[in-house]
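Multiple structures follow.
Presented sequentially are two complexes of chain A, the first with chain B as partner and the second with chain C.
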Partner chain A sequence: MEELATIIATASPLVYAVVGETITEKAGVINLSLDGSIMLSAMAAFATSFITGSVWLGFLAAILVSAGIAALIAFSSIKLHLNQIAVGFVLTLLAADLASFLGDPYVGERAAHVEPWAIPGLSKIPVIGDVLFDHNLSVYGSYLVVIAAYWFIFRTKRGLELQGVGERPEAAFARGIPVNRLRYIYTIIGGGLVGMAGAAFSLDVKLGWRDGLTQNFGWIALAIVIFGGWHPIRGAIGCYLFGALQTLALKLQPVWPDLSQILPILPFALMIFTLLLVYLDWFRRLGDRHPGWRRLLASDPPSGIGRIFKRE
Partner chain B sequence: MKGKYWAKFLAIITVLAMLAGACGDDDDEVSGEGFTFGMILVGPQNDRGWSQAHYEAGEYLQEQLGATMIVLDKVNGADRPEITVDQVVDDMVAQGAQLIFATSDDMKDGIELGAANHPDVPMVWSSGDSAWADGEGYRADLDNLGNEMGRMYYAKQIAGCAAGLTTETGNIGYLGPLINDETRRLANSVYLGAQYCWSEVRGEDPAALTFSVNWIGFWFNIPGVTLDPTQVANDFFDGGADVVISGIDTTEALVVAGQRSDGGDAVWAVPYDYEGACEEKPEICLGVPYFNWGPAYLEVTKSVIKGEFAAEWNWFGPDWDDLNSLNTSGVGFVEGDGLSDDSATALEEFIDGLAGGDIVLFTGPLNYQDGTPYLTDGEVASDHQLWYTKQLLEGMIGASASN
Partner chain C sequence: MALELVDIHKHFGRVRANDGVTLRVEAGELHGLLGENGAGKSTLMKVLSGFHEAGSGEISLDGELLALRSPRDAIEAGIGMLHQDPLVFLPFTVLDNFMLGSGTNDRGIAAEGLDELSDRFGFSFDHDTPVRRLTVGERQQLEIARLLWLGARVLILDEPTTGISASQREQLFATLKTLAAEGMIVVFVSHKLEEIEDLCDRVTVMRLGKVVGETRLPVPAEQLVEMMFGKIIAPTGRAGSSTGSTTLRLDDVVLGSGLLNTDATSLGVSEGEIIGLAGLEGSGQRLLLEACTGLLEPESGSIALGDKDMTGLAYRSYHEAGVHYLPAGRLEEGLVSGLTITEHFVLAAGASDFFVDWDAAADRAAALIEEFSIKGTPDSTAESLSGGNQQRLLLAMMPPHIRLLLMEHPTRGLDIESADWVWTQLLERRDHGTAVVFASADLDELLLYSDRILVFFAGRVIKELDARQTDGDQLGHLIGGRSVA
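Moving on to the complex of A and B:
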């Protein structure tokens, strides 16, 4: 059971990032800067916590940093009509190098971090209590974010507008929905959640700051968004699956000692393999044959993703 | 008579002159003003681990000799896929480096190529065996490439003892880097130290000690390439370990133990490689074994300045009279605040035993993990047997080999 609790806790930063990117992409914008954004926001969170002694200011700084990067992407796409992929890629490199440069004085330092807090009552529930409710506010926040995102996207009128903006921006505009304004808003909100991922790394899961602390997690988050079919709950499941694969890789080391140097890369390779799998025709036909599975297996991107919307 | 006095006078003058000449050769008078050396680091220069220890040795050379250092850090395939070690060597030589330190086992091919390309420039490959005539990797043709390495197995035995004295569950985890002769040697050293202090000092049943090794795949975490050391450390604690000893260059074991400790668990950790590593969470740190490369590098640099460099394999040890002297001890161990007073006393006795030769843990009978003999009864491991450690020892849980 402790292993399951660890998987849940260590996957929480990825959950924030995946939900954030899901919201952004649902609005039709691709924020490809995730890897750099998470790194820079992790550094900003730790540095702020180190300087002020406040974890919450650390989270706030991370949100602002990552939301700022997301705003840049939205602005360059909506206002300057630049390619989102190119801008995102450049920003990820820039943000990662900036984190390395600015974070230098904080390497190996100690700062205030998220304190453990078992939820009274719930943490005493047999099995579930230990797995889900004996963590800290950062982990509980990741549950709330998943539930809130699901409820908002699929159960509210605003969520319907968000989907409309990402799927059929022209039709949404014709219905009087301010497409570009909403794209700004949801890209920035998504970016803020990506910032929380960075803070959750440096103030909780990988406590501390050093160069490359969160390297590659942004790319994995982007892959999990696709794996999750742009659905927050499926995305969160992808994060926990990734965590489970990492645990499996280390559990298998004594079983297959000859593969001990290969096992570490398996979770990443398996995630990419799974991504390919869900795009195979026979996999899609499986969904068509069993309509009940269709919703579970669907992985179609929002139709308007990456497309610049220009008001004619 | 007069001539006799003159002869005596001349003899005294000659002796004094020779003495003065000898004193003139004294190491203290070697100046490195205008001397440039290169330092190639595998990780970040501020990693609080292996690379920082080398970087600080470079600073020590600057301080002691007035020499100038050119440094390039993060020279590894993941961080800088676009460059190779031999290219870095070319670049440093072009910048005027008169001596180059390549400071990772991982740099073997690059520094050997670099040394072959620049036969007039002395180089040092730390942790290598290319200059050891009895070594398996001996390169007689590279007479400008020496090797420096510390006998870290002593400090690792001390670390193991600290863990063996402290563990309450009898379950110790070892966070290993990649698998090779050196890392197996160090893991075995920790195990022997832990087993000795668990059974001989505390009088516990040797079979009741669980010692597990998990390898992450490299010296520090590279997501997507290595296992996540944070996750491995968590897994050790989840599995019942209460002490995790780090064999990697960074401090995840200590950080995770600190978080667990903040949550109320009685757990401890031993970081590695950097004298100040305990500072991240001193109260649960049992101590840190570390390299102090300064003294050895100083000797090499002086020999180059004096034109006396010879490609030698130097496996330097601790200064048992002052284990933590930055000027004399190449390998050290700083005790941590997490050690109880009783454990600290027992640990100091253990260190005295190692220093005096009363405790020699690499003494047979010792078997490898698959049951084949490593050391026969009473046999003390030679340098060759220690350096080329082919498996973990019998009694340890974990992988011995990799493909």
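Moving on to the complex of A and C:
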């Protein structure tokens, strides 16, 4: 039981990042800067919390940093017609280096962090209470974000428009939808969630700041978005799966001390392997056999992804 | 009520797509807009639907001046457009497609609206089917219903009959007639003369970005052709076919893709023979063509070219044996978008040297552009060419000696003049001994040029016909799966 609770908690930053990137990509924009964005946000959150003593301001700083990077990607692609992959890649390197440079004074310091808070009532439910409701606001927020994103994307009119913009921008435009304005909005919102991932790392899960604190988690989040078939709930499942692999690797360290170099990296490799399985034919056909589950099992990317919409 | 367009100008770079177009369409009349490919019809309609912003000119509906800066403005003014390739979202359900952009969030109301309109026009939709599973004709019906539900008073249809079946076409025409009779303004854009004659009460003809004439229908077809092209084109007649030795031989070939499996098919094609493949889209014609070019390995049976058994060999072997394939997706499968005409010719010629002599290549390209009358320069990119000119480029790229030429929809989307030119080229090849196998949805084309026609239905060749002893009715019935004694 304790392990399950740990998995849920350690996966929460990834959940923020995956849901954020899912929203962005659903609108047809790829924000490839995730790894750097998360790093710089984690640093900004920690530094802000250290200076002001406020966890809330820490989260706010993190959101602003990643939303700003996302806005840059949206602007360079929509206005300047630059390649999103290239810009995202450059920004990820830049942000990571910037985090390392600006964060140097804060390495090894202690700052205010997210306080544990068991939800009264719910946390008393046997089993489920311990696993899900005995954490802190950052973890609860990650549940909320998944549910809210699912509900918004698949249950509301605005969500349908969001999908339309990413699927076939010309068709969305023909229906009077302001394609590029929506792309700005959802890229920035997605970026804000990525920022929360950074704050959740440095103010909760990994407590503190050091160089390379969140390294590779951005890339794994990008992979989980694909594993998740651009669906927030399936994406969250991917995050928990990854969390389970991480916990397992940690537990195995004392068993095979010789493998201590390899075990921490193994979850990343296994996650990529799972990604391949999802793309096998039998998995894709599951959706045809169970129409009710079609949306959860489908794994086709939004067709208009990465494509710049220009009006002649 | 009337729709008026006055002195519309629209330029793309130096190309004057619309050069001072004035048009008046009365309600209650089916108004045709006729012209060859690239005459500026689609551009004009995209201006009218807010998709393009006009350079200058005025548009008014019912005497009221409209400012159409985006499709939203057009929708609010009551102007709806059905694009040539229906702008639907393939993975979304029917109901989601119907609702998207409508401003309502109530699925119940939307479902009611869709059902009501479907009943009225005899459409039938399952709300939860992904639109990907719908035929092109059904996607159009969904778009029409959607536009009407949004309150369109003007309905524009851009080449709506491309890729739909004959019965869907009839249903579409019936729908349009009903709508016009109810007082809607309906503009039907087409380059197909027969359709305009069948359907419309009045027609405006465009050529090179300008309106060249308007008339009430019916008038003699020659008059319309003359307006479209400025000259009369005589149809190419059929030359006697010479049949020599066997070029292609299929024995009990069984083909399968994920979606469709064909029954065992046998076929022999002689030198200089033209075989037409008829049938609804996706009945197995494409599988057969792909098998003959080595792109699809048969599950059983054998394929031979001349005396040589080719079963299981790769595309390259077929290519070297003189097989050439021109698929329907000219830009997607045949040409490379972004590359110029010169670069295409260099690619097609194959590499012999390490460096490219670009001056010589450009000269050669210019000569071929002249010879094949392609409208473009050596530096024009493939995607900037019109459909007809893309097909000309593809034909110009063919190697000089071909034993077997396989084509899919050789003249789809082309105007009469280009289509005629394409067949002149093909017949010339035929006369030099090339065997031609082509799939087409155009019955006239099949009957006019084939020696034999194979009719496909659901993966099976249901009939082999002698084209000379067949008429359009019989062929049409067979394609629909109805056997005729």
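Following the convention adopted for this analysis, the second predicted complex is superposed on the first by the 286 of 312 C-alpha atoms of A that agree within 3 Å, B and C clash if a C-alpha of one lies under 4 Å from a C-alpha of the other, contacts with A are read in each partner's own complex, and residues count from 1 in each chain.
Following the convention adopted for this analysis, contacts are C-beta pairs under 8 Å (C-beta built on N, C-alpha and C of every residue); 3 or more make two chains touch, one makes a residue touch a chain.
Computed from a predicted structure; not experimentally measured.
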Inset, instruction - Using the superposition on chain A, decide if chain B and chain C clash or fit. - result: fit
Legend entry - Degrees between the directions from chain A toward chain B and toward chain C, using C-alpha centres, nearest 10: 140
Inset, instruction - Have a look at where A:E170 lands relative to chain B and chain C in the superposition and call it first, second, both or neither. - result: second
Inset, instruction - Considering only the touch criterion stated at the top, classify A:N83 as touching first (chain B), second (chain C), both, or neither. - result: neither
Inset, instruction - Answer with first, second, both or neither: which of chain B and chain C does A:R210 touch in the superposed model? - result: first
Inset, instruction - Give one of first, second, both or neither to describe whether A:L259 is in contact with chain B, with chain C, with both, or with none. - result: first
Legend entry - First (chain B), second (chain C), both or neither touched by A:P116: first
Inset, instruction - Please work out whether A:L250 is in contact with chain B alone, chain C alone, both, or neither, and reply first, second, both or neither. - result: first
Inset, instruction - Give, as a whole number of angstrom, the minimum Cα separation of chain B and chain C in the superposed three-chain arrangement. - result: 34
Inset, instruction - Would you mind writing out the residues of chain B in touch with chain A in their complex? - result: 44, 46-48, 74, 79, 178-179, 212, 214-217, 221-228, 230-232, 234-235, 238-239, 250-252, 255, 258-259, 262-264, 276, 279-281, 397-403
Legend entry - Interface residues, chain A side, partner chain C - complex: 156-157, 160-161, 163-164, 167-168, 170-178, 291, 294, 298, 300, 303, 311-312
Inset, instruction - Using the touch definition up top, name the residues of chain A that touch chain B in the complex. - result: 2-3, 5-6, 10, 104, 107-108, 110, 113, 115-116, 205-208, 210-212, 214-217, 219-220, 243, 246-247, 249-251, 253-254, 257-265, 268
Legend entry - Complex interface listing, chain C residues touching chain A: 12, 49, 51-52, 70-72, 75-76, 81, 83, 87-92, 96, 99-105, 128, 130
